[in-house]
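Have a look at these structures, which come just after this line.
Next come two complexes, and both contain chain A; in the first it sits with chain B, in the second with chain C.
Showing the complex of A and B:
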C-alpha cells in the first residue's frame, strides 16, 4: 500500500532540475551583473558629485571674493583677501579656521600665483588637486583664473 | 493538484513584484541623483551668466559716466529688460545730494546677482585731486587798453592781469595745489607762450610759462607782472611778436596743440580763454577748414613769414572765416559744427578739441553801438555758449577776477569718484 502511494507522487526529473538550475543561474548572473554595474556606477557618480560639489563651493567662494576684494597678499600656497586667509590645513581647504571642503574630500596640493601684469590689480591663478579620502588614487583638479575688478575710479 | 499550481503562481508573482520594486527603487535613486547633478550644473551656469551680465551692465554704466555722458540717466528711474538668453535685468537709479547710486540686478531660475555703482562728486581733497594742467590764453589785442568799465580807472588789460594774479593766489591756498600746473599763453593774430623775460622789442629771453616748465607760482606771478602792461598789443612785452587784430581760434589752436603732446591717461587738462573782442581773422590750421590765412587787415598780407593771402581773402571778408575758425577750435571732436555763409558755407565738420579737455571761456563785450555789431556779438556769444564746457559772458572787465575764481572752483571740485561693489542680498527670515 505504502509502495503504491510513493509511486503515485510525481517528482522532478533530473533534466527538469538541471534546466531549472541553469535558468536560475542565468537570471542570477544577469541580475548580479546589473546590480554590480549599478553599485560601481553609483560609487563613481557619488565620487564625481563629491568632487563637483567641492569644486563648486571653492570656485564660487574664491571667484566672488577675488573679483570684489580690495587687499590681497598672494604667496605660493596661501591667499589673503581682505584679511581672510585661504589655505590648506590637514588636507582641508580652509577660510581662516572654517573648513570649506567636505570631510570625504582631501586637498593634496595647492599652488597660487599672481599673474596680473597690472601692478594695481591682482590676477589669481590657483590650482588645487582634490582626492577621495577613502580612495586616494581618485583625484580631480581645480584650475581657477580670476582677476580682481577695478572698483574705485575717479575722474 | 490544482492547489499546488496556484501556490507556484503566487510564488512567481511575489518574486516578480519584488524584482519590480527593487528595479523601481534603483531607477528612482539613479534618476534623483541625475536630477541633482543636472540642477547643480545648471545652477553654476546660471551664476556664471548672471555675473557676466551684471558686470557687463555695470561697466557699461561706468563707461557712460567716464565717457562724458553724465546726463545719460534720468534719476530716479527703474528699467527692466529680458536679455536674449532669458536673464531678467533690472537697473534702478536714485540720487541723494551729490550721490548717485545705480543698482543692477540680474535674475535667473537658480540665482540672483546684485551689483551697485555709486557716483559721488567730492569736495576738494588733496588725496583725490588729480594731476591737472591748466593752460590760459589771454587776449593781447589793442582793445584791451580800453577802460574796464565806464566808471573804472583801470584798463581791461589791468583787470585781466589782476584776475590772473588772483587766480594764482587762490590756487596757492588750495590744498594739494602742487598737483595743478599752470601755463599762460597770449593771442592776437598768432599765439605764443608768456615768457619769464623779454628783450625790449618783445623777443622772449626767458623760460616759457608752460605747465611742464619748472616754474613756481612766484615765478609765474613775476612773469605776469613783467609781461603785461597797461594795454595790449605793443603796450605789453608779451604781445609784441604776435602781430595784431583778433584770431580767437589761434589761442585755442595753440592750447590744443600743446595739450595734445602732453596728454596722459591720468592727467586732467583744462583750457581757459579770455577775450574782449570778436574774431575777425584766422590762421592756417589743418584740422579746421578752410585751411587759409585770412588776416583782419590787408596790411598783414605779406607781413607774416610763410603765410600769404588768397585774392579777396583779407579784411572784412575774413570775419565769417574767423567765426568758423572759432567754431572749429572750440568744438570737440565729437561735436559737429556747420560753416556759415561766406566761409565754410553750410558744410558740416567736427571740432578740433579733444573731448577730454575742458574749455572755459570768458568774454568781455561792451554794449554794441549798432545793429550790425549787435548781430555780430550775438553770433559770437552763441558760438561760445554752444561749444564751450562753460561760458561766462561779461560786459565789464572788472568782474574777471570773480569769474576766474569760479572757474578754479569748478576745476578743483570736479572730482568724481565711482565705486563698484557687490551687494549680498539679505536672507529672508
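Showing the complex of A and C:
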C-alpha cells in the first residue's frame, strides 16, 4: 500500500535535478563573471575619467600659458610664467594659491625642464605623476611638451 | 528535451553577447591608441617648431630636407631638443614617428603655397619657409593606421 502511494507522487528525478543545478551553475558563473567584469571596468572607467579630467585641466592651463607667456623661470619642480607660480603643494597642483586638481587626485611627482634649442625661447618638457587619493596604487602620467611661440618677429 | 532547449538558449545568449563585449573592448583599446598617437604627434610638432624656430638664424642649414625624429641632446649644457636623422620606431613600444622637413614653393603671383615640386615657370622656392609634416604610424589588430599634421614655419624676421 505504502509503495503504491510513493510511486504516484510526481517529482524530479535525480538526473533532472543534477542537470538543472549544472545549468544554473553555468548561468550563474557566466552572469557573475560578466557582472564582475562590468563592475571592474566601470571602476576603471570612472578612475580614468577622473585622471583625464585632471590632465585636461592641467594641460589646457599650462599649454596656453607656456605658448603665449613672456617671462619664464623654470626650475626642477616649479614653473613661473608671467608672475604666476605653478607648483605642487600637499599633493595638489597649484597656480599661486589656487588648487588646479580635484580633491580625489594627488600629484606624486613633478619634473620640469627647459630644453629649448633657442635660449631666447622656452621649451617645456614636464612630467607629472598623478595618483588616486582613494587608491594610491592607481597612477597616471602627464607628459607635457610645449614650446613658447615666437611672437616678436623683429629679432 | 528541456535540457537541449535550455542549452540552445544559453548558447544563443553567449553567442550574442560575447562578440558585443569583444567589440566594445576592441573599440576601447582603439580609442586609447588614437589618443596616445595624437599626443605623440603633438609632441613631435611642438619639438620641431621649437627646433626650427631656434635654428633659423643659421638659415636652417643644420636641418636640410629629409626625415627626422625629435630627441633631447643630453650632451649639451643645458640639455636641448634636437632633430635626429631618420624616423623613430618603438615610441611607447607601439608607435613610429617621423618629422619630414620639406621646402616651400610659392606662386610667383600671389605668394600662395604650391604643393609638390616647384614648377620653374610658376613658382619660386621660399627659403624663409619650411613645411614640417609630422606622421605617427602604428598597427592596430595587424592593420596599419596613421595620423599626420602639417606645420608651416615662416621666418618673418628676415
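The rule we apply is simple: the second predicted complex is superposed on the first by the 140 of 155 C-alpha atoms of A that agree within 3 Å, B and C clash if a C-alpha of one lies under 4 Å from a C-alpha of the other, contacts with A are read in each partner's own complex, and residues count from 1 in each chain.
Going forward, contacts are C-beta pairs under 8 Å (C-beta built on N, C-alpha and C of every residue); 3 or more make two chains touch, one makes a residue touch a chain.
These numbers were taken from a predicted model, which means no experiment stands behind them.
J.: Check the residue A:49 against both partner chains and state whether it touches chain B (first), chain C (second), both, or neither.
T.: The first partner, chain B, only.
J.: Is A:146 touching anything from chain B or chain C once the two structures are fitted on A? First, second, both or neither.
T.: second
J.: In the superposed arrangement, does A:121 touch chain B (first), chain C (second), both or neither?
T.: A:121: touches chain C, not chain B.
J.: A:30 contacts which: chain B (first), chain C (second), both, neither?
T.: second
J.: Answer with first, second, both or neither: which of chain B and chain C does A:113 touch in the superposed model?
T.: The second partner, chain C, only.
J.: On the A-aligned overlay, A:64 touches which partner chain: chain B = first, chain C = second, or both, or neither?
T.: A:64: touches chain B, not chain C.
J.: Which chain A residues are contacted by chain C in one complex and by chain B in the other?
T.: Of chain A, residues 149-150, 153-155 contact chain B in one complex and chain C in the other.
J.: Which of the residues in chain B end up touching chain A in this complex?
T.: Against chain A, chain B makes touches at 19, 26, 29-30, 33, 36-37, 40-41, 43-44, 47, 51, 55, 62, 65-66, 128, 130, 268, 415-422.
J.: Across the complex, what residues on chain C touch chain A?
T.: 3, 6-7, 10, 14, 17, 21, 39, 42-43, 46-47, 49-51, 53-55, 72, 78-82, 156-157
J.: Touching residues of chain A toward chain B in the complex: what are they?
T.: Of all residues in chain A, those touching chain B are 31, 38, 42, 45, 49, 52-53, 56, 59-60, 63-64, 67-68, 149-155.
J.: Can you list the residues on chain A that touch chain C in the complex?
T.: Interface residues on the chain A side: 19, 23, 26-27, 30, 34, 37, 113-118, 121, 123, 125, 143, 145-150, 153-155.
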